[in-house]
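Order as written gives the chain letters A, B, C and D; numbering starts at 1 within each chain.
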Amino acid sequence: MSLLNVDKLNLTIGRTPILKNVSLTLGQGEALGIVGESGSGKSLTALSIMRLLPHGSTVGGRITLAGEDLSALSEAEMCERRGRVMGMVFQEPMSALNPLKTIGDQVAEAVRVHGNVTPREADEVARETLNRVGLPATRFPLSRYPHELSGGQRQRVVIAMAIVLKPRLVIADEPTTALDVTTQARILDLLKRLVAEDGSSLILISHDLAIVAEMADRIAIMKDGAVVESGETVELFRAMQHPYSRMLRAASTYVSRRQRRLQASEGHDAPILDTKGVVQEYRDGPRQLFRRAASFRAVDDVGFTIRRGENVGLVGESGSGKSTLARVVLALDPPKAGTVTLDGADLLASRGPERQALRRHIQAVFQDPYGSFNPRHTVARLVAEPFHLDEGKLSAIERRRRVEDALVAVGMQASDADKYPHEFSGGQRQRLAIARALITQPSLIVLDEAVSALDVSIRAQILDLLADLSDRLNVSYLFISHDLTVVRAITDRVVIMQDGRIVEQGETEEVFANPAHPYTQSLLAATPNLERALAARQAGLEAQ
Amino acid sequence: MRKALGRSLGRSLGSAALAVALLTGLAPHAALAAKTDVTIGMPLEPPNLDPTGGAAAAIDEVVYANVFEGLTRIGPDGSVLPALAASWDISDDGLVYTFSLREGVTYHDGTAFDAEDVKFSLDRARAEDSTNAQKALFAAIASVDVVDPLTVKVTLSSPAGNFLFNMGWGDAVIVASESAADNATNPIGTGPFKFVNWVKGDHVELGRNPDYWGEPAQLEKATFKFISDPTAAFAAMMAEDLDAYPNFPAPETLSQFEADARFAVVIGSTEGETILAINNGRAPFDDIKVRQALAHAVDRQAVIDGAMFGYGTPIGTHFAPHHPAYVDLTGQYSYDPEKAKALLAEAGHGDGLTVSLKLPPPSYARRGGEIIAQQLAAVGVTAEIANLEWAQWIAEPFKGKDYDLTIVSHTEPMDIGIYARDDYYFDYHSDAFKAIMEELNNTTDPARRTELFQDAQRQIADDAVNVFLFELAKAGVWNAKLKGLWANSPVQANDLTGAYWED
Amino acid sequence: MSTEPLTDLPRQEHGRWRAHHLSLIIGAAITLGVIAIALLSLVWTPHDPNPTPLPIAERLKPPAGAHWFGTDIYGRDVLSMIMVGARNSILVALVAVGIGVGIGVPLGLFAAARRGWLDDFIMRVNDLVFAFPALLLAIMITALLGPGAINAIIAIGIFNIPVFARVTRGAALSLWTREYVLAARVAGKGSALISIEHILPNVLNILVVQATIQFSLGILAEAALSYVGLGTQPPMSSWGRMLSESQTMFAFAPHVAIFPGLAIVVTVLGLNLLGDGLRDMLDPRLRRERSAQ
Amino acid sequence: MGSFVAQRFVSLSATLLAASIVIFVVMEVLPGDPAAYMLGLNADPAAVAALREQLGLNEPVLQRYLNWVGGFFVGDFGLSYTYRVPVRELIADRLWVSVPLALMALALAIIIAFPVGIIAAAKRNSIVDAVIMGATQLGIAIPNFWFAMLLVLAFSVGLRWFSAGGFPGWDAGILVGMKSLVLPAVALALPQASILARVMRSALLDTLHEDFIRTARAKGLSSGQAIRHHAVRNALIPVMTIIGLQFSFLLAGAIIIENVFFLPGLGRLIFQAIAQRDLIVVKSVVLLLVAAVVIVNFTVDLAYAAIDPRLRRRAP
């Protein structure tokens, strides 16, 4: 007897059909993974089960939970089920908690609304549950506020709220997407342990096949509001039918198409970029009137080198200082100390026209495909923006020609030049951003989390494009990312940062194969790996 | 203040039932039977309550004849009556006045009134560092001598025909040396009412003086409430928050009161000659033709109708029409736009003039100004209106002579003498007029005085010094049952001595 | 995060436009109507709003026949005066908004671009102006400069400066963190150029909405100043002054006080509806950009 | 917390100091001589000069500024030129009208606005919401002095429920005093209530979009419970900002309303004082109002910290 049965679920919001005949089953104590890219409808499937849909939603089909037809229940009856029979964990721990209430209050509230308990009893339950999620009373009294906790700790509170009444179904919607990779591993372990202890069933929603393979007994792959393929995990991967599933799998285990790898012996050129002793500090806390504000050292004595044509990865978790370092390298913020030498010239000491001339050699692509273009300018104007650096102004015709060339080079159409950014998808915009970076024919492009916001399939395409350009144009990349898989695929050398310092650097393959520093080791261990997960699951099955 | 609040909290809790009744909307005075108090509305709040230390008419309107008295007083008809001086003798040469004072008069603080107080008051008013706004009233005095406690002898340096009248002004009231310094905030006089309290910005309250030397007042309490806004005044009268508003600021609403049996509307005269004042010293107004043109361009009756809703008497010179010596000169410059244009053309301004018209706050000025501006426009004179606060008005046109035209009402009684002043804001200089005034001051014969007054009136009309518009009417609105208020306003006062409620 | 269906498809403008276009249409219609009436008054009014001399005999006629809105205390046609008053109100409020935009927006842009002590200084000065209650400031300024339309404009305009400076700075600060600004800096552009090319066009939406609000507040402020006699001076018609001149006649000639009052209410209502509609139309786009960060 | 307060206090004082200089300079250049005004049309020039000396108007500018500001610190605002009483007393008397009036209007605005705003937000995009929003638009568009005129006409002249204005003084009884403030408070509160209701609604709607509301719903709270327990308090932050702004507006913005109802409040005092060139009163009242604004904003800042624990963290 299955615990949850979703039968031909259809969802329309306004007049837009969102879900089409989604059917799922989940047994007691089982874990179901729902995988899909953005827009696949995986989150709305979960919200349909909880019946927490946006205004203007129309639902068709049947949802049965523990033998009870949820579609027949009134809103009040659903309120009574939520939290007690089914709990949910959301993606964004930073905003999922009410900033004005203590964590104890918020966990205890779930207890209070569902039973005749005294506030004291509710607090006791909350305390126990917080202990269970790894927030002991000594460091995390009930009176803590969310802002006093880190992202991972907050997600533990959200989990505590979901499981406090030991619901039979726990839905986790991208519970670790916003977290660092090492935190992610711990949260996933916690979730796994808790549902096992309570005998609950779990629905884990993720864009990451590796995570799902690690966590779920069964997997459903969704695309455009429909389930394209589902089945028992190992079985599904063994005999993948649907082309979309296959593509997804391929993209998740991306291997670069790069042909030319720089050999160590080729590095006789002078370095294109050389940084030495870079230190950067930020003010921490409000400005003080009479005494110096406390400062926070974001980058601490960092130095590394990029040779011509070499792709270097800069890896670290949030707060490691990698983006701060990128801003220094790009001469956006002057550092406290240190030098940045670009093509043999001191970038930071340069002024005026000299600085402008140097800037032509270094361009950037940023993370957010939506925020990186002024929505009011045409593509032609945006892509041509770095021409500002050229002294001899180009003629309008020449400009136009170079813009079109750049667009074609990144796989867009010349005619796209007259459109506005909002007419393009995220992947297309990232191509435009690359075109903009290429237009001055730089020797170095800084890519700051340039593919992090993209779906895996799009990400693969962009990485292919980058590899291709690197081959063709002899341009170097400083590739900044938290994602080791991606870094491994595209770089020659890698620099690992932690807390503002470089802990390890070396040839990419060498570092990944034999990490020397414990931090690198833990990073690698925490990174989800599809093959490893499948192997482990296979082994587990066989052991049974 | 906090203490007061606490006290009244206790009191009001005690009478919670009454308070509830008030909140639910019963009119508070419906329950009261024989009324012995009166609430009088006034447009302006007095800045202080010392009539000898400030010019504001509002001071006199509260305290004159009620709290303070002078040697003489001005009656409702403008005549000079005995007050603190029971009688007086005038020497044949008109230079020595001997006043016999009343017996048994005390101030509100219990101190006795005697001849020393008279000497103190008059000497203080004419002293070097005096801040008396009407020092000119005392200019003729050479010395003040105490003959005995009930007799004072005042010696003049030259005869002054209107000296007894002057002594009846609010600025000449008799104060006590002990209390004079505090009169601004706590006036101590000899009148039938004494000062009780003053809620600044709202009202002054007077109470009956039981020890009054004369016939005591019939009212026990009088409250003067300050409501400058005409709308608010209208609403307050209509809501019967006020019992009387002796100088009602919105003539357009008088018909409403007339139609309502609860109210009586009494139109009386004032000493307010309302004029379109002209800066005679400034071109082009130094040309008499231009001034005459202005006089012909203005339709007085239209101004009276438009600004005052018909209340007011046209005048042709600077003199009150109800005065026996008045000459009707309104025909001298009749309303004749064509003639005005012709005169302007003769003066070389055929293609028009642009002048400033600065208006103080009262509605006769603001409204009259708008009407006159349009009348002047009809003869080619563009008047640019600037509305001024009183303080600005005094600074700019009045003291600085910085104006072309302005409208103002000269409310002081018998003030034609201002045309003889050299530094006055009209900037009018006429030896002929000064000669008439000189002779007038030295003349005591009533017939001759009348002749001289009439000569003076004609002189300024001939010179078209200003455009003389109308004598301000006093439009009083009061409860139909309230009797004994003054209909006319020979001085700026609300004499409540004789006021009473009729059952 | 995902209550709205996120797709990787090109984004299009849709949705909220329909729900709020009613207030936009009504607001725009009223506003355009008032502007049209004001413009019309330049060439035509039913009667001379300021005849010479004044037809006193025609005074306080109730609405009927030749005078749709009746006549005032001097016999002038109330409708004609309201039409001319519209011109005056709009002019005063518009120029006051112009002062606010002309000075406030560059200040705000500058403060956001420079940050540091200059930003602090500009914002402190703004706080100082804000610390003066608006109407009090206006009364003080008109008392200082003398009453009149131009001084009313200055008084209202001065208070608009910090409003626009603050709004511009707030929006600009968040735009400065956008990646397209980073991209422009990588392209070597200075803060002045970035402010003009990237910041200003993207704060325009907010400024248009704010300008509409300040415009309506300006009309209310002009009415209030004229009501206390510090605004527009005669013979120019002004709604506020018409109200103050006619309020004693409310009881027996209500039309003189009601029509100018209604004119203010309708105009301000129209502008507020327009501002609301504009905000609802323009804001989703801004909000989406924000959420995409 | 201590340094946060200290820092805010320093900036508060700096604002006040700057304001005092601005006010003083403005008063200096204002045309009109108080002494001449006090003595009237036929005043003797010698008397005017004597009065100027007596009022201390002949001292050097800097000396007068220091006298004034110095006096301010010890609560001595000087002597009113026209009333000849200490300005402090004058202001204290008026505060007993203006502050209760402002508080009453504010309370009224809040009492009306909160439920209305919450209902509109809860029933967003419904007919109820549309009607409420329409009504608030109208409330904002009506000039308060015109609304005051209508109120007087209806309730004083017509129904005679309230007196047409004036203030009998608190000595006449608390309820009598309060009753005389009812109509002015209503006239003042209407536009403020409209603004506040709109702010409340939009702040609530913003909060309702927050993730933690969905979290609360997932715990099993009904949408009403989610609004009450999670949205309202969070929405209070923008609402409080507006209330802070409104209180200062109510204190000063009552100028016109106080004139319509001839209430002896601060607004009318300052208006009268400007007209009479009682500059010492104008200076002090304006500075006091500015201080009120700054202090109210300061209080609002402190209240933020009370509501929002994130701000308390700033305390070392």
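Worth a mention:
Note that in this section contacts are C-beta pairs under 8 Å (C-beta built on N, C-alpha and C of every residue); 3 or more make two chains touch, one makes a residue touch a chain.
Here the structure is a predicted model, which means the values were calculated and not measured.
Chains joined by the most contact pairs: B-D. With each centre defined as the average position of its C-alpha atoms, the distance from subunit A to subunit C rounds to 45 Å. Subunit D has its Cα centroid 23 Å from the Cα centroid of subunit C.
Subunit B and subunit D have Cα centroids lying 38 Å from one another.
Residue positions 125, 149, 153, 157, 211, 214, 259, 274 of subunit D each touch two or more of the other chains.
In subunit B, the residues that reach two or more other chains under the touch definition are 231, 238, 361, 389, 392.
Residues of subunit C in contact with two or more other chains: 1, 3, 143, 247, 250-251.
Here the chains touching each other pair up as A-C, A-D, B-C, B-D, C-D.
Taken in their complex, subunit D has these residues touching subunit A: 3-4, 7, 10, 125, 210-212, 214-222, 225, 229-230, 233-234, 307-310, 313-314, 316. Against subunit C, in their complex, subunit D makes its touches with residues 11, 14-15, 18-19, 22, 26, 29-30, 125, 137-138, 140-143, 145-146, 149, 153, 157, 211, 214, 248-249, 251-253, 255-256, 259, 270-271, 274, 282, 286, 289-290, 293-294, 297. Interface residues of subunit D, counted against subunit B in their complex, comprise 31-34, 36-44, 46-47, 50-51, 54, 82-85, 90, 92-94, 96, 149, 152-153, 156-157, 159-167, 169-176, 179, 259-265, 268-269, 272, 274-278. Contacts from subunit C toward subunit D in the complex involve residues 1, 3, 19, 124, 127-128, 130-136, 139-140, 143-144, 216, 220, 223-224, 227-228, 240, 243, 247, 250-251, 257, 261, 264-266, 268-269, 272-273, 276.
Considering their complex, residues 13-14, 16, 18, 37-39, 41, 43-44, 47, 53-54, 90-92, 173, 330, 332, 355-356, 359, 362-364, 366-368, 370-377, 382, 385-389, 422-427, 433, 436, 455, 458 of subunit A touch subunit C.
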